[in-house]
Amino acid sequence: MIPFQMIVFLVIFLQSYTGLAYDPDPVNDYCIPRTEFSSIFLSCKNTSLVTVDDFIYSGIKDPGNFKHTGFSSIPVSSTVFPGLNTLGMSFVRADFDVDGVNVPHFHPRATETAFVLEGKIYSGFVDSGNRVFAKVLEKGEVMVFPKGLVHFQMNVGDSPATILGSFNSENPGLVKIPSAVFGTGIKEELLMKAFGLNDKEIAKLRKKFVPQ
Amino acid sequence: MIPFQMIVFLVIFLQSYTGLAYDPDPVNDYCIPRTEFSSIFLSCKNTSLVTVDDFIYSGIKDPGNFKHTGFSSIPVSSTVFPGLNTLGMSFVRADFDVDGVNVPHFHPRATETAFVLEGKIYSGFVDSGNRVFAKVLEKGEVMVFPKGLVHFQMNVGDSPATILGSFNSENPGLVKIPSAVFGTGIKEELLMKAFGLNDKEIAKLRKKFVPQ
Amino acid sequence: MIPFQMIVFLVIFLQSYTGLAYDPDPVNDYCIPRTEFSSIFLSCKNTSLVTVDDFIYSGIKDPGNFKHTGFSSIPVSSTVFPGLNTLGMSFVRADFDVDGVNVPHFHPRATETAFVLEGKIYSGFVDSGNRVFAKVLEKGEVMVFPKGLVHFQMNVGDSPATILGSFNSENPGLVKIPSAVFGTGIKEELLMKAFGLNDKEIAKLRKKFVPQ
Amino acid sequence: MIPFQMIVFLVIFLQSYTGLAYDPDPVNDYCIPRTEFSSIFLSCKNTSLVTVDDFIYSGIKDPGNFKHTGFSSIPVSSTVFPGLNTLGMSFVRADFDVDGVNVPHFHPRATETAFVLEGKIYSGFVDSGNRVFAKVLEKGEVMVFPKGLVHFQMNVGDSPATILGSFNSENPGLVKIPSAVFGTGIKEELLMKAFGLNDKEIAKLRKKFVPQ
Amino acid sequence: MIPFQMIVFLVIFLQSYTGLAYDPDPVNDYCIPRTEFSSIFLSCKNTSLVTVDDFIYSGIKDPGNFKHTGFSSIPVSSTVFPGLNTLGMSFVRADFDVDGVNVPHFHPRATETAFVLEGKIYSGFVDSGNRVFAKVLEKGEVMVFPKGLVHFQMNVGDSPATILGSFNSENPGLVKIPSAVFGTGIKEELLMKAFGLNDKEIAKLRKKFVPQ
Amino acid sequence: MIPFQMIVFLVIFLQSYTGLAYDPDPVNDYCIPRTEFSSIFLSCKNTSLVTVDDFIYSGIKDPGNFKHTGFSSIPVSSTVFPGLNTLGMSFVRADFDVDGVNVPHFHPRATETAFVLEGKIYSGFVDSGNRVFAKVLEKGEVMVFPKGLVHFQMNVGDSPATILGSFNSENPGLVKIPSAVFGTGIKEELLMKAFGLNDKEIAKLRKKFVPQ
């Protein structure tokens, strides 16, 4: 018989969410989270239970689901691939239909190096001084997007394109500008004044990005 | 007589710009840059030449110049206040006219704590999951904006308002969303697709934010 | 029925105290500790349970309690304001009666920037080479106290004074020299030799600082 | 006329080699080293002189030169691709002939994520507890090699194979075990005792790895 | 009566192994792990339960057990001496019989400073460029082994020798080259090709280092 | 002929003092400063000019000069031993006459592990909560002093004693409480109020610690 109080105890536990790891300087070779408790707190598997499969990720062999912008991405942080836990790295596969767009976005906690696996990609970023650095990348080229800066990509070739992005954080975060700004309920007057738009224009943008 | 080549040597030097310091864990008590070479490379003043005034900043007693959004800010990084060099902190004074707006922006390299010196400020941020956390702050209240996340403020009181923001980087950086996205020459088609706007609407936004 | 052993288990847990977070480079946007377990271990609230109030602190609108040195301080670390957890910042409000003194002290884990909200404050620090840097600050001025160095303040104006200090650690620590040295039971002979005082003089100092 | 002493001054300078940057937490958006002085000290280009090409690397479209082990690699650190400077990332392209081998090696300053661009690669690492984690990876799979641990790869397919490795340091370093141990002049008696080999066996190994 | 499920719960817990601390920048003065849970997760003892003995280690007054290489070592990480937890340091005592050898090895997470307590020790390391730096150290001399580089030692005097090594990580890790490479089951063909040895030679080496 | 201006240029340079390195995460194996420029800025020697002697320190075989407190110390930071540069470690030899005292002090940038080479040493530290942790250490014992906390030592045996301290910073800094507080010219009224002493008592203390 499980005592009622223990169930309560566990249920409270299981609702929580842990994120206490930090990127720099691990103190162990690795720390594969014990999945049965990963929603509670970080506890590493006993080394003897760790297997080679804990360090291999096989989920980006193919593109993910495409959105209306002709873009698909599979971000692989330590949440998805626990072997990355405490190791300070993660990655993403991004696929583009012809004209597909990766909207202006940034990663609050990482620099990204983006390698073009296939296709021709217009790719760029904006620095703190509002200078844009953008160019069409070809297969085999790599562009670096400095930590925390807004960047964007668009397939400008006539066939699908693919990028492999790597990050120096196990969980770089992702802020997509259009939905973060227009899809989140920031006070209308503030947005009007910030973008110099009237209430109808803001309402139109909001309608596109506020989740229905 | 100064040899011509030496002048060339110095001129080349003086055009450069240095940024090699890092925030965490200084190895000296402080490092006041030698101003005559600060545009060349980082060289600390001999301790005997350092004075108490190197550690004091007096330039935020009054508000800065106001912009059309009814907002004024004086960011004080280690560039402006060299005493902050290598110490991992900086700050900003922000003043708001009635209805004044600090547009959605973020700091790529720092968390911010914002203390309300005067007035009533609608203040908030958006997390990676597109949740907005916003509320009206009163005099004496403090809000924390986590590292790298988009945040914004608006004076919703009926008198001027002032905020003192502090950062855990000597140079947190500043990316203002409207001008970074619409004022920097990102390819028009990409912006149209990203924001679901037509070419006229994008052109209108660009006209507002591209420096003339 | 709660099994006896489980109560024991919980009680043992609840007596413990956790401090496993580190200042640099969080791997999540934020981590609001679950208060019911904060005395046990760090477990972040599920994002859906986080509210804007988790990021706002309202407890420094007014001065704290004054001590006999005419000084009052309200330090706000992540223990007091859980929203700061993992974000690498904290702050303090310090109030001074006329002639009030903030005794020589240091923060083992942070640099401090101190902004004068009100009054005239004699303010300074001592570096590793035993040089003192001190000056009277006026309203609106800011002084930086480098990481780990001894600093001190005194109200030298003729009205109350207030300072807002900011730190680049979520828990900077505080070591007050007089009580740390004379109020903690360090061997008497050692203190006599270190300060060149006789046993009566040390005893007098101890009497002042050892908690009764 | 260039004074002789100045030439001496410059020549001494130009022989030196700089390495003062650190991986974590840059204080600028980026720092493109001024190439004319990069052998002297780190000085960032004036932002106005930075171009998009500073952030793009085009040198790994094709494999590098193959060695006798049927292996070729092009490591791209901040030395080769200055745009990576201060950003804490770098990468490598590795190509394998059939049966080609990447000998046991490690990177003293980085974790690596290795993405299989083509082929079937036996890939693994050894942890501090002498456990080996190895498996055959297929195209599109990713393996993580934790910071500082010995790892190795071999093409076990019947066609050439290629890997893209990413690192969370701008200069991860590379120590190849066979040449580091047997090709560097470590005292013979020490190696004999360490590996349980006699002098002829050590001499044979040395002959292979000591540069002629 | 202890419910069965709770036992299961605890047993699962107790098999796990925690390693979530990081070296840089603690947020508390110290964190002595509660030993009854240290195999589960990191929870600091209540300060009132901490005693001076938590900060003192007495286990390296004498040498440890000697191996067949005439070498003995007692590594003291935070696992063995919990007072080091979160403080970013650890140490090792190493003793050498005459001709005793500390085989080529490295620490993936730390620099080491080695102080000769007694004897004459041939001591050196190999850098990323395959240069060896080695010399005979005498009593009272100190050598630094940079982070992650292969190093080695041998008693070349005619009496026992002792070294005290210090590390800038609470858990530096240890990879001994001979056993990591030949004692762990790396594919035979890979080792043959990597070291230019035939199958018999590899088998001989393996026999020495694979645990029986 | 050396042009006058160049001499001026060099003289200005040579008066400066550099301290731009940071402890965590070097990006090179090592960086031996070029001594001819170390007073100007940090420039690493070309690797080919580095020798094994750059990594060895021989200056602590014997005690340093004793002070009136019966104490002698030789701190070895990267300034004294350039091989430590960028490697995040340093060390100190401390010798005690009978009754010799190492006055209450702290290191603003490092944790210390202190190993007793000889003698019986009363040794302790005070935490942020004003608890003292002190005990007599014997030969071969090690005590850890957490980062930034006040600690002290006294030879309580009847023969000389020696300690080897190690730090996890290449330049930990040193603040000796008696001289930092009473020997630096902090305003008299502030010290009177802070320590509860009258003007004569403060004057007496000052006389002892202000350099004559």
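First chain written, first letter: the chains are A, B, C, D, E and F, and each begins at residue 1.
Throughout what follows, a contact is a pair of C-beta atoms (placed from the backbone, for glycine too) under 8 Å apart; a residue touches a chain by one contact, two chains touch by 3 or more.
Please read these numbers as outputs of a predicted model, since none were measured by experiment.
Undergrad: On the document's contact criterion, could you list the chains that touch subunit B and likewise touch subunit E?
TA: Per touch definition, common to subunit B and subunit E: A, C, D, F.
Undergrad: On Cα atoms, by how many degrees is subunit C rotated relative to subunit F, nearest 5?
TA: Going from subunit C to subunit F via C-alpha fit gives 180 degrees.
Undergrad: When the C-alpha atoms of subunit B and subunit C are each averaged to a single point, how far apart are the two points in Å?
TA: A distance of 27 Å separates the two centres.
Undergrad: Per the centroid of Cα atoms for each chain, what is the distance between subunit A and subunit C, given in Å?
TA: 36
Undergrad: If you average the CA atoms of subunit A and of subunit F, how far apart do the two points sit, in angstrom?
TA: Computed value for the inter-centroid distance: 45 Å.
Undergrad: Could you tell me the distance, in whole angstrom, between the mean C-alpha positions of subunit A and subunit B?
TA: Going by mean C-alpha positions, subunit A sits 25 Å from subunit B.
Undergrad: Going through subunit C residue by residue, note those that touch at least 2 other chains and give them in order.
TA: Residues 3, 6, 20-22, 24-26, 29, 41, 47, 108-109, 124, 128, 131, 134, 146-147, 149, 173 of subunit C touch two or more partner chains.
Undergrad: Can you name the residues of subunit F that touch subunit D in the complex?
TA: Per the touch definition, subunit F meets subunit D at residues 1-3, 6, 20-22, 24-29, 31, 34, 36-37, 41-47, 49, 86.
Undergrad: Subunit B touches which residues of subunit C in the complex?
TA: Touch residues, subunit C against subunit B: 24, 26, 29-30, 47, 50-58, 60-62, 76, 81, 83-84, 87-91, 111-113, 115, 117, 124-125, 127-129, 131, 133-135, 137-147, 149, 164, 166, 168.
Undergrad: Using the touch definition up top, name the residues of subunit F that touch subunit C in the complex.
TA: 69-70, 99, 101, 103-104, 106-109, 122, 124, 126, 128, 130-132, 134, 146-150, 152, 154, 173-187, 189-191, 193-197, 201, 205, 208, 211
Undergrad: For subunit B, which residues are in contact with subunit D within the complex?
TA: So the residues of subunit B touching subunit D come out as 3, 5-6, 9, 12-13, 15-24, 40-41, 78, 108-109, 169-171, 173.
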